[in-house]
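Chains: A, B, C and D, in written order; residue numbering restarts at 1 for each.
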Amino acid sequence: MIQISRLSRTDWFGPLLATLIAITVIQGFNDNFLSPFNIQILLLAIAVNALVAFSQMIIIAIGQMNLSVGAIGGLAAISFVGAMEVWGLPAPLAVILALVIGVGCGVLNGALIRITGISAFVITLATLSIFKGINLGITEAQPFYGVPDSVKSFGAALLVGPIPWLAVPTVLVTVAMWFMLRRMPVGRFILAVGSNEHAAGLSGISVGATVIIAHAVSGLLAAIAGVLVVARLQIGQPSIGDDWLILSFAAPVIGGAILAGGHVSVTATLLGVVIVAIITQALVLFSIDPFLVQVVLGAMILAAVGLNKLRARQPVGKGSA
Amino acid sequence: MSEQKAIFEARGIEKAFPGVMALKGVNMTLMPGSIHALLGENGAGKSTLIKVITGVHLPSAGTLLLDGTETQFSSPRDAIAKGIGVVHQERNLFPRFSVAENIHLEQLAAGYLKPINYSALNEGARPWLEALDLDIDPATPVSELSVARMQLVEIAKALSLQSRVLLLDEPTASLTSSETERLFTILRRLRDGGTSLVFVSHKLEEVQEICDRVTVLRDGANACESRSMDGIGRHDLVQMMIGRAEGAAAWRHRDTTGQPEVLGLSDVSTSLGHKGVNLSVRKGEIVGLYGLVGAGRTELAKAIMGKFKVTAGKVQVNGKAVTIPNVASAIHDHGLGYISEDRKSEGLILQHSVLANAGVPIWRKLAGRFGALRDKRIHDAVLPYLQKLEVKTPSLNQTVANLSGGNQQKISVAKWLAAGVQFLIVDEPSVGIDIKTKAYLHELLRELADAGTAILVISSDMPEMIALADRIVVMDDYHITGEVTNSGVYDDISHAIMGLIHDAEEDSGAVVPLKEISV
Amino acid sequence: MTRHIQAIAMAAVLGTSAISAAQAAEDSLFALIPGGPHPYFSAWEQAGADAARDFGLAGAEYKVPQKWELAQQNQLLESLLSQGYNGFLIFPGDPVGAVSTAEELSSYGAQIIAGAGCYKDPSPAAFCLGTDTGNSAYIGTKELIKAMGDGEKRIAHFTGFLVDPNTQLRIDAVQRAADEEGATVVQVIADIDAPEPAEEKINAYLAAHADEVDGIVTTAWVPAVVAANALRKMGDSGIKMVGIDHDEVLIQAIKDGIVDGTMLQNPYGQGYIGSFALDRLRSGCTVKEDAPFGSNALTDKFIDSGTSYVDASNADSYLEAMRAETEKLLADFESTYLSCS
Amino acid sequence: MTIQDINSPPGATGGLSRTRFFLSNEFGLILLIIVFAVIFGLSARGFLSPFNLFTLGRNSAINIMIGLSMMTVIVTGGLNLAVGAMGVSAAMVCGWLIEGLGVPWPLAILGGLAFGAALGFINGWMVVRTGLHSFIITLATMSIFFGAMIFLTRAEAFRDLPAAFSAFGKMKFANYLSPLLLVTLAVAVALAWLYRATLTGREMLAAGASPAAAELSGIRVDRMVILCHMLSGGLAGLAALMLVARNGAAIPSMAGQLGQDWLLPAFLGPVLGGTLLQGGKVSVLGTVLGAFLVTMLSSGLLMLQVGAFWVQTFLGLMLLVAVLLDKARRSYLARRNLA
C-alpha cells in the first residue's frame, strides 16, 4: 500500500495512468489504433513534439519562459534546407549548421536576459519576432524544396518494426535530458537556479552561466526538432514552428512542471506529449466533427492537468510534511 | 591568545545602496580559535557586513585582509574558495534536493559536466550530519524536514566547507534549547580546532554563553570593535547597541476578571486537526498562547480568523455564537485582527507603499460613493498611528520593501491600530525585532489592552510571554494542555509552563508537524 | 463631403509627391496584396513586374502582410495608401471584413480589384478576378471520381482553415459532386493548412482508414503536398488523389503517377491582368454595365482567371498552358469588360 | 529621513517625485515615441498624412484595448491567453443577438460585453477553485471557447450588421481622430481611476501583489481574482466589438486561429508599459503608451518600405532597442541620483 501511495506521488504516475486508460479505451473502439502503421505515425508525431516540449521544459526549469522556441526551430529548419539547396552543403554539415544556429539563438536569448536583467518573457517576445522575421526575410514565405534523398529516406526509414529512425534522436535526447537533470551538476544547477536564484548564487553557482546554458540547450533542442520536422515533411516550410508554443507549454505542465521553476520531470513531460498525440489522433480516428476538435482538445488538457492536481493535493494541516 | 595574528580583517568598510549608506567605515578583526559576537539592532548593518565579507556585495570603500594580505571577493564562490563559510539568516536550501546534495552543492560547482556520484555524495555528507547529531538519511529531500532540521542542515552545509572563517547569522532562531546546546558544543569544538567563528544573535544570553570577543554595530558604524567579552555584561552590550540603557517596563498585575468576554472558544475543532480547544479572552486582557514551533498556534489563530474551517464546537464573539466564513468577515464584521509572524509574505504587501499597507484594513470603511477612495482620507486616518509608532520612512509613498525589518513590523502593527479592532492576535511579535523596538512594542500592547482591546499573544519566547501576558495558555500538538495565571515571577511561571509541555516534547521528538514553514 | 475628402486626398498626394519628386502624381503605382505569406501568391511578384514593364507603370509591386491576418492586411493597405499607391489587387483577408478597408481606399480615389478571392457584394472592387473555389473543388472531385472508375467510391477530403469561409464552400462543393456521382465523402479533415498538423492528421487518418478510402481530394495547398508525400510513402495503396495548386512536390508526384492530377489556378494571370486592368481603370475606363460577368456565392462581378485540370499528360507543360490562358484572356479583356472613352 | 517627513501630504511635489517621473517607464515611452515619430516623420513619406494618422489612431485604439484587457489579469499575477478567443466569442454573440434574435444593437453590444465578462468569470472561477495557474486554465479555455464558437457558428461571419457599426469605424473627427480612439481613452481613464482611487481597484492590486497578506488584511482575494478576469473578458469583448466596427462584420477569424493573433499586442502594451508580470503593480498610462509605440513602430516600418518580409525582424529589433534604451536610461539616472 505504501508502495502504491509513494508511486502515486511521483510526477509521471498520473500521466502514465491517463495514457494507459486512453490507449485501452481507444483500442477498444478502434482496432486500428495499435496497428504497426498507426504506432509509427504516433511515434513520428511524438518524436518531434517531445523535443519541442523539452526545449520549453528546460526553460521552465529555471523559472522562465521561452516564447521563441518555435521561431528558433523554424529558423534552424529553413537554414538546414537552405544551406543544402543554396550552398550545396552535404546534409551532415547542414545539420551542424542548423544546430549551431539554434544554440546561437539560445545563447543570444540567455545573454540578453542575463545582461539586461529584463524578464525572459519580454526578451523572448522580441527575439521571437526577430528570428521569425529573419526566417521570412530569407525565404520570403517560399518553402525550400532542396531536401536531398538521404534526408528524405532518413525521415521515412524504419529502424525496427514500426519504430521510425526519426525517433532515435529523440530517444537519445530524452535519456540525455534525464541524465543531465538528475546526474549532472549543470542540470542540478538549472533546477537550483529555478528553485531559488538568490540561494543558488550564494551557494557559489554562477547564475548567469546557468541561465545561458539552459537557453542554449533550449535552442539546441528546438533546432533538432526543426531538423526532424524537415526530414518528416521533406520540405523546408517557413511556417515550421508557428504552432509549437501551446504544445510546448501544455506537455510539461501536464507533466507536473511548476511554472515558477525548480521542478520538472522528463518522464512526465514525455508522457504529456504522448497524451496530446493520442488525443489528437483519437479525434481523427473517431471522425469527430472537425469543428469540435478544439473544444475536445482544450477540455482534455484541463482534465489531464486537473487529474494531476487532484493527485498531488494532500490533506492540509497537521502531520503533512 | 593575544599573540596570535588575525586571520581576517575588515578595515574601513563602506557600503552604499541607492539612497542609503548601510556601512560607514566599519572595522572588524577575527582571530583564529575564537567565537566572535557581531551585535547590533536591526538595520545596524550586521547582515550587510556579513554579505561584504562573504563576497555577496562588493564594498564601496575599505579593504579586506586575509592573513594580513589584501584580498577581494568577486563572488560568493570566490569567498568560499578562500576559506570563508557562512550560514545566512534567510533559508538558502533547495527543498526538492536531497540533504546530501544541498550540503555539497558548492563542491559540485567545480565541474558542470562531471556526473554526480550520489552514493559518494551521501557518504560524504554523513560525517557532517553526525557531527550535529542529526539522525537523517542524507538522501532525504530537504522538503521533508522540520524547520529546525533545515536550519541544522544549513549549518552542516557550512561545516562541510571546512572554512577557516565561519559566519553564522542568527543560527539559533528556530532551534529548541537542546538543539542549541548541541550546536554550541560543536561550535566550541570548531573553535578549539582553530576556526574563527562569527556569531550573530539577538539572544544576548546565548552570546554571553559562547562568545569570547565582540563587535557591536550601531547605525552602520562601530560602537565597539573586536574587543574581548571579559568584563562586559548584558547591560553594557545593550547600551552599546541602542546607545542608552535598556528600559523595558516590567510586568504589572492587571485585573480584568470583571470584564466581559470578547472571544470565546468552547470545544472547538478545526480542519487542521485541533481538538476540543477552549479559550476565552476578555476585554482589556492580554492572553499568552505559548507553545513550541509546530504546536498549532498560528493555525488556531488563522482558524479563528476564518481562514481555516472550524469543524466542531462554538466560537463566540461578544457572547454571541458566530460562524466566520472568511477573513474579510472576521475583520469587517466582527472586529478581529491578526498580526502575522511572517511579515514579509503575510503581514505586508512589500511592493506597495507605506500608505497602502497601513490603510488596507480600513479601506472599506473609508470608501465613499462608487467605492471611491481618497489618499487624503487614508493618510489622515493612518498618520497618527505611524507617528505614534515612530515609523522611519522618507515618505508615505515609500515602498515597504525598502524599509528595515523593525519599521516593517511597526507598519504591520500600525495598520491594526488604525483599524481599531476589538480583538487582536499578535503572532510572535518580536521575531527579528531588536531590543529597543521590542520593549516599545510590549509597552504599546499593554497600552492597547488598557484601552480595552482584547489581545492574544502567540510566542515561543518565554521571557516575552512572562513580561506581557495576564494569563498564559499552553498549547502542544494541537491541544490546549493547560493554563497558568501569570505572577510575573520568571522561575515559577517558566517551570509551570515547561511542566505543561514537558512530557509531550519528550515523545514527539522525531517529526515535528510542519505548518509554520514560511518559504 | 466628397469635396472635402478629395481635398484631403489631393493634399496627401501633393504632400507625398513633394517628398519624392521622382514620382509624378499621374503615375500608376499599384500594389498586389495577398492575404498573407503563402506560396500560392508568389507568381504575383513576377506578374506585377512584367505588367509594370509591359504597360509602362510606375510600379506594380507585390507586398505581403507579415501574417495571414486581416488586421495586418488592413494596416498594410492603409500604409500603402498613405505612401501614394493608387491601385490595389487584393486577395480579401475576409470577404466581408475586408470591404470596409476597401471602401476607405476607394474613397481616396484608389482603384481596387479583388484577385484570387472575392469581396462579398456590395463592394467598391471593380470586379473579382479569380478562381471559383467552390467550382474548382467541384471539378476536382469529378475528376477524382472519374479516375476511381467503377467500384466503391469513398472519398476523404482534406482542406484548410475553418476560419476561412472558402473552406465551407469547398466542403459543400465536394459533397455536391460526390452526391451527383453516387460517391460518399467518408471524412473531412480541416484546419490543416500548416505542415505539421497536416502531416500528423493525414498520416493518422491514412494509418487507420487506408483500406476504407478509395480517393482523396485536397482543396488547400499544404494538405495537397502532405497527402502526396503520404501516398508516396505508402507505396501501392490503390488510393486515387486529386490535389490543388502547383507545388513542386505535387507536380512531381503527378509525373511519377502517385497523384492523378491537380486543379491549377492561375495566379500569374491574376497578377498580370489585374495590373493591366487597374491601369486602364485609372486612365478613365469604366467597367461595362453589361459585361459578361460570372457569378458565385459572393459576387455577381466574377471573372474566371482560368482553372485547368492538370494530369500526367500535361504536367510538363502546365506553365505554358497557363500563360496561353492568360494571353487569351488579356486579348479581348478590354473590349469585353471595359468601356474606354 | 526622519519622522517629520511623513507629515508632508501624499504625492508631495518637489525633487523626489519629479525624478521619480523621469525614472518612470511612462516618461521613457513618451521619449521613445517622440524620437521614433521624428525619425518616421522625416524619412517615411506619407507618415504624417492625415489618413495615416487617422489609421494609426484607429489601429492603436484596438491594440491598446487588447493590452488593457490583458493588463487587468496581469494585475493578479496571472496571464490570460484566452483574450482573443473571449473577444471573438463576445463579438460573435453580439452579432448573433442582432442577426439571429433581432435585438436592437445597443442592447446587443451590452449582451456581447456581458458575455465576455461571463467567459471571464469562468476563467476566474476555475483559477480560484482549482488553484491552478491561470496560464494553464486559459490555455485550455482558449481552445474550448474558440472551438465552441467555431462549432456553433460553423465559421460563418455575421455580416448584416446595422450600418451604424461600420459608420462608427470609419468616422473621423477633425480629419484624423477616430472615435474608436476616444472610446479606448475613455476606458483607459476609467481604469486609471479604478486602480488609483477606488476600493475595488486597490483591493485588486493588493490581492495581486500578495494574496496571503491581502487575505489576512480582510480582502476577498478569490472574488478579486474572479473580478479581474471578468473585467478582462469585458474589455476583450469591447476590443473585439471595436474590430467589428472597423470591419463592418463579426468575423470568427478576426483574432486568428484560436485568437492567438491577439497575444502579441496583448502582452506588448502592458510589458513595455511597466506592468509587473508578478502582479500587484499596474500602469494604465504605460500600457496605453506601450501599445501605441508598438503600433507606431509597425506602421512606420511599413512606411519605410524595409521590405515586407523583414518588417518583423526590424520590429523585434526595435522592441529590443526600446527596452534596452529604457533600461539604460533608468540605470543611468539611478546612478546619477545616487552620486
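For the reader, a short list of remarks on this structure follows.
In this section, a residue touches a chain if its C-beta (ideal position, glycine included) is under 8 Å from a C-beta of that chain, and two chains touch if they have at least 3 such contacts.
Because the structure is a prediction, the values reported are computed rather than measured.
By count of C-beta pairs in contact, C-D exceeds the other of the chain pairs C-D and A-C.
Averaging Cα atoms per chain gives one point for each, and the point farthest from that of chain A is the centre of B.
Chain centres here are Cα means. That of chain A falls 36 Å from that of chain C. Annotation: 72 Å between the Cα-based centres of chain B and chain C.
Measuring from the averaged C-alpha position of chain A to that of chain B gives a distance of 43 Å. Shown for chain A are the residues in touch with two or more other chains, namely 133, 136, 140-141, 243, 291, 293. Touching two or more other chains at once are residues 37, 64, 66, 162, 191 of chain C.
Residues of chain B found to touch two or more other chains are absent.
All chain pairs in contact, by the document's touch criterion: A-B, A-C, A-D, B-D, C-D. By the touch rule above, chain D contacts chain C in their complex via residues 44-52, 55, 59, 62, 150, 154-157, 159, 166, 169-170, 175, 243, 246-249, 251-254, 256-257, 261, 298-299, 302-303, 305, 308-309, 311-312.
Across the interface of their complex, chain D is touched by residues 8, 11-12, 15-16, 19-20, 37, 63-71, 74-76, 78-84, 94, 96-101, 103-104, 108, 120, 161-165, 167-168, 191 of chain C.
Chain contact summary for the complex, chain A toward chain D: residues 112, 116-119, 121-123, 125-134, 136-137, 139-141, 243, 246, 249-250, 253, 259, 289, 291-299, 301-302, 305-306, 309.
By the touch rule above, chain D contacts chain A in their complex via residues 130-133, 135-137, 139-148, 150-151, 154-155, 257-258, 264, 267-268, 271-272, 277, 307, 309-317, 319-320, 323-324, 327.
The residues of chain D lying in touch with chain B in their complex are 1-3, 5-12, 16, 197-200, 202-203, 205-206, 209-210, 212-220, 276, 280-281, 334, 337-338.
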